[in-house]
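Two complexes, one shared chain (chain A), two partners (chain B, chain C).
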Partner chain A sequence: MTSSHGHHAFHLVDMSPWPLTGSISAMMLTTGLVKWFHQFNPDLLILGVTATTLTMIQWWRDITREGTYQGLHTKAVTIGLRWGMILFITSEVLFFFSFFWAFFHSSLAPNVEVGSCWPPAGIQTFNPFQIPLLNTAILLASGATVTWAHHAIMESNHSQAMQSLGITVFLGMYFTALQALEYYEAPFTIADSVYGSTFFVATGFHGLHVIIGSTFLMVCLYRLYKCHFSATHHFGFEAAAWYWHFVDVVWLFLYISIYWWGG
Partner chain B sequence: MYEWRNSTGRLSAPTVQTPAKLGGAAEGPGIIYPPGTTFPKEAPRGAMGEIPGLLSQKMQMFQKANSIPIHLKGGPFDKVLFGATLVMCAVGLTGCLNFFYDMSFPKKSED
Partner chain C sequence: MEYISENRTNIPSLRNPQIPSRPAERKVHLSQLFAMASLIARSLVLNSRRGVQLTSVRFANKMMADPMEHATGLEKQELLSKAAGNENPFDMRVYKRVSGDQTNPTSVPSFYERRLVGCICEEDATSINWMWLEKGESKRCECGYWFQLADAKPMV
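Let's turn to the complex of A and B:
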């Protein structure tokens, strides 16, 4: 039987429905948000979240099948995937840059409406040397454990790789739990002047990225358990580790500027 | 030899194989590579040992030449999941269009 692969090192994918279902799901998400705001009905939004989640699960499942089970991820294909992940993380950096701009815009020259001071008059800020410092230690430690996991994979040390990646996932979830507790106990809300807006939007989006990164690492833990990774070929894990380091660096910037300088 | 497919707009290998004894060639004239061309090959497994049993089974299942696309190749549950996603998208798309139509007409508020 002749192969449809052709005499090249690249991967021309099978016809796939996921770009279309992903696009429709994105429209359901955005339209659903508007419908919730205007008609107080979240049904379309919930359907959109479900359809988006299903699309993501199936699309990434298919990529795992093509790479791990069908062996279609040659060196050339992996280089393309690396560039893709680098460009995606760069776009996320630009996304967070805008929230930091907003914070510095309001905090470097505080207007008369907040009392011409930063933090604004009446705002009780978090002590940066309590839970926020613990969160910093947690994320820095998780950066070390994910590097430990990478070295364990490269040295074919399966038990250490499972342990270190497991600890990394746990630390990510520990951070999320502590941050949720902080949100619950906060003496100010998102509606409390531009301080509340900049604080909760910046830390909120960061928290969402911690959840995304933890999920990515959890999927890698499962794939590691199923022996999908070899000592020389484990790009899915590397991509998760890159994303996790990015999340860690964003937190360091948040901690220094919003929690410490801005507190 | 090669067939034009309208769906992809490309030439691809034929799905129907002409038996060689009837004079049909399974593949066209071979490509002449310049001397010294390196070809892709599998990295030697070396000290890594055999591929674990379950993983090997998955590899065989997904490499079967049955022309099933990757998103359905894992078995009947793939069809269930795909169907559910399609149904949700259809319902959601209708819901979106319905919402756009509804919001296009201003409603008189009761003051």
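Let's turn to the complex of A and C:
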């Protein structure tokens, strides 16, 4: 069979507009944030969010087309994608490391301004054995169900894979709902001393990552329903599962250090 | 084809209205125990004869495609090649140099008119010596070995 492919194992991608639209929309996002903060006008930000979302949808749709429908994801290409996901998750670990650094910097030697104690004087912290403990159980359970889904896929068990991945997505959304409720009911705000800053920045970025991870898993659920995965080739799902486990581990660190030790 | 129904008529208290439905009032008679045991035994015997894949309707969900059937394009060619015994369909191996002097240069296969070649001059070399190899002319690496470009035939 002759092809213009050149008989190598790699994927030299076709020309695509999404890197350009992605960089333009990232610029609109960041500049829009500044405009919202300083001039109280969110229009540019909304435009940036829309453009970013559209870029992501179409870029990843194209990757699905290249891999699943065109069969361009050989073993070598999949290995490259694995390394890419590992490196990305590593960068995210470093991102969260900085927020934990900030938290420990402020909490291990509390300033006189907060009362030389931690939690600072006047801060009413969350009881770690109420909703936060339930959230911990939810994420741990979702780690188990996503592993169940993986094994089901590897054993070609479609209905169990759908069920377990569906439960995983549900648990992710349940966590988000509970955490949103906690935010609403919190007796302190982000403006309440360095406690509020470290708490809401760390848990807030974590919550954003839960939403990202849940979305990734939902896309995988849809692709599983449409039979994009086979028992031996389902890297999109594996990447989502890795990301989900990362989100779970970050929560465990958050729970132990901020909610429990810091409360 | 007979199969064991797992619907509710197997629950004794529903099949027989004389059996009280509150657990505390239920007394399990020996005959009922035997009935239950024989149901299980029948299920096992029938299922082992039909094979695990068909155990009951509930388990007939190995519905995902066979990976070979599911694959397409270049990935499928790679899988077919591996299934046929060729573990290296894209020729990714490191080549071993031949004696390599000007009269007998090492042949490097290529589908194009030129190819990048990297010579690992000695086993413990800490860098690779890269050079472009053009069709027609042999080239010498600094370590003394000669290379020439040859036409490659598709392996996949």
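Methods note: the second predicted complex is superposed on the first by the 261 of 263 C-alpha atoms of A that agree within 3 Å, B and C clash if a C-alpha of one lies under 4 Å from a C-alpha of the other, contacts with A are read in each partner's own complex, and residues count from 1 in each chain.
Following the convention adopted for this analysis, a residue touches a chain if its C-beta (ideal position, glycine included) is under 8 Å from a C-beta of that chain, and two chains touch if they have at least 3 such contacts.
Keep in mind that what you see is a predicted model, and the values were worked out from it rather than measured.
Novice: Record, for the superposition on chain A, whether partners chain B and chain C clash or fit.
Specialist: With chain A as the common anchor, chain B and chain C collide in the superposed model.
Novice: Pick one for A:Ala9: touches chain B only (first), chain C only (second), both, or neither.
Specialist: Touch partners of A:Ala9: chain B and chain C.
Novice: Quick check on the superposed pair: does A:Gly71 touch chain B, chain C, both, or neither? Answer first, second, both or neither.
Specialist: A:Gly71 sits against chain B and chain C alike.
Novice: Which holds for A:Asn157: it touches chain B only (first), chain C only (second), both, or neither?
Specialist: Second partner only, chain C.
Novice: Pick one for A:Met28: touches chain B only (first), chain C only (second), both, or neither.
Specialist: First partner only.
Novice: Applying the document's definition of touching, compare chain B and chain C: which contacts more of chain A?
Specialist: B
Novice: Between chain B (first) and chain C (second), which does A:His38 come into contact with in this model arrangement: first, second, both, or neither?
Specialist: First partner only.
Novice: Could you say whether A:His245 touches chain B, chain C, both of them, or neither, answering first, second, both or neither?
Specialist: neither
Novice: Just checking: does A:Ser230 make contact with chain B only, chain C only, both, or neither of them? Give me first, second, both or neither.
Specialist: both
Novice: Given the touch rule stated above, what does A:Asp62 touch, chain B (first), chain C (second), both, or neither?
Specialist: In the superposition, A:Asp62 touches chain B alone.
Novice: So, does A:Leu47 touch the first partner chain B, the second partner chain C, both, or neither?
Specialist: The answer is first: A:Leu47 touches chain B but not chain C.
Novice: Going by the overlay, flag which of 5-13, 23-31, 41-49 or 77-85 in chain C ends up clashing with chain B.
Specialist: Of the candidate stretches of chain C, chain B runs into 77-85.
Novice: Do chain B and chain C land on any of the same chain A residues, and which?
Specialist: Residues 1-3, 7, 9, 69-71, 74, 156, 227, 230-232, which sit in both footprints.
Novice: For the complex, give me every residue of chain B touching chain A.
Specialist: My answer: residues 7-8, 12-14, 17, 26-27, 31, 40, 43, 47-48, 51-52, 54-55, 58-59, 61-63, 65, 69-71, 73-74, 81-82, 84-86, 88-89, 91-93, 95-96, 99-100, 103.
Novice: Help me check something: in the complex, which residues belonging to chain A touch chain B?
Specialist: Residues 1-4, 7, 9, 13-18, 20-21, 24-25, 27-28, 31-32, 34-35, 38, 43-44, 47-48, 50-51, 54-55, 58, 62, 65-66, 68-71, 74, 156, 226-228, 230-232.
Novice: Would you mind writing out the residues of chain A in touch with chain C in their complex?
Specialist: 1-3, 5-9, 69-76, 153, 155-161, 227, 229-233
Novice: In their shared complex, at which residues does chain C touch chain A?
Specialist: 61-67, 70-78, 89-90, 92, 111-112, 152, 154-156
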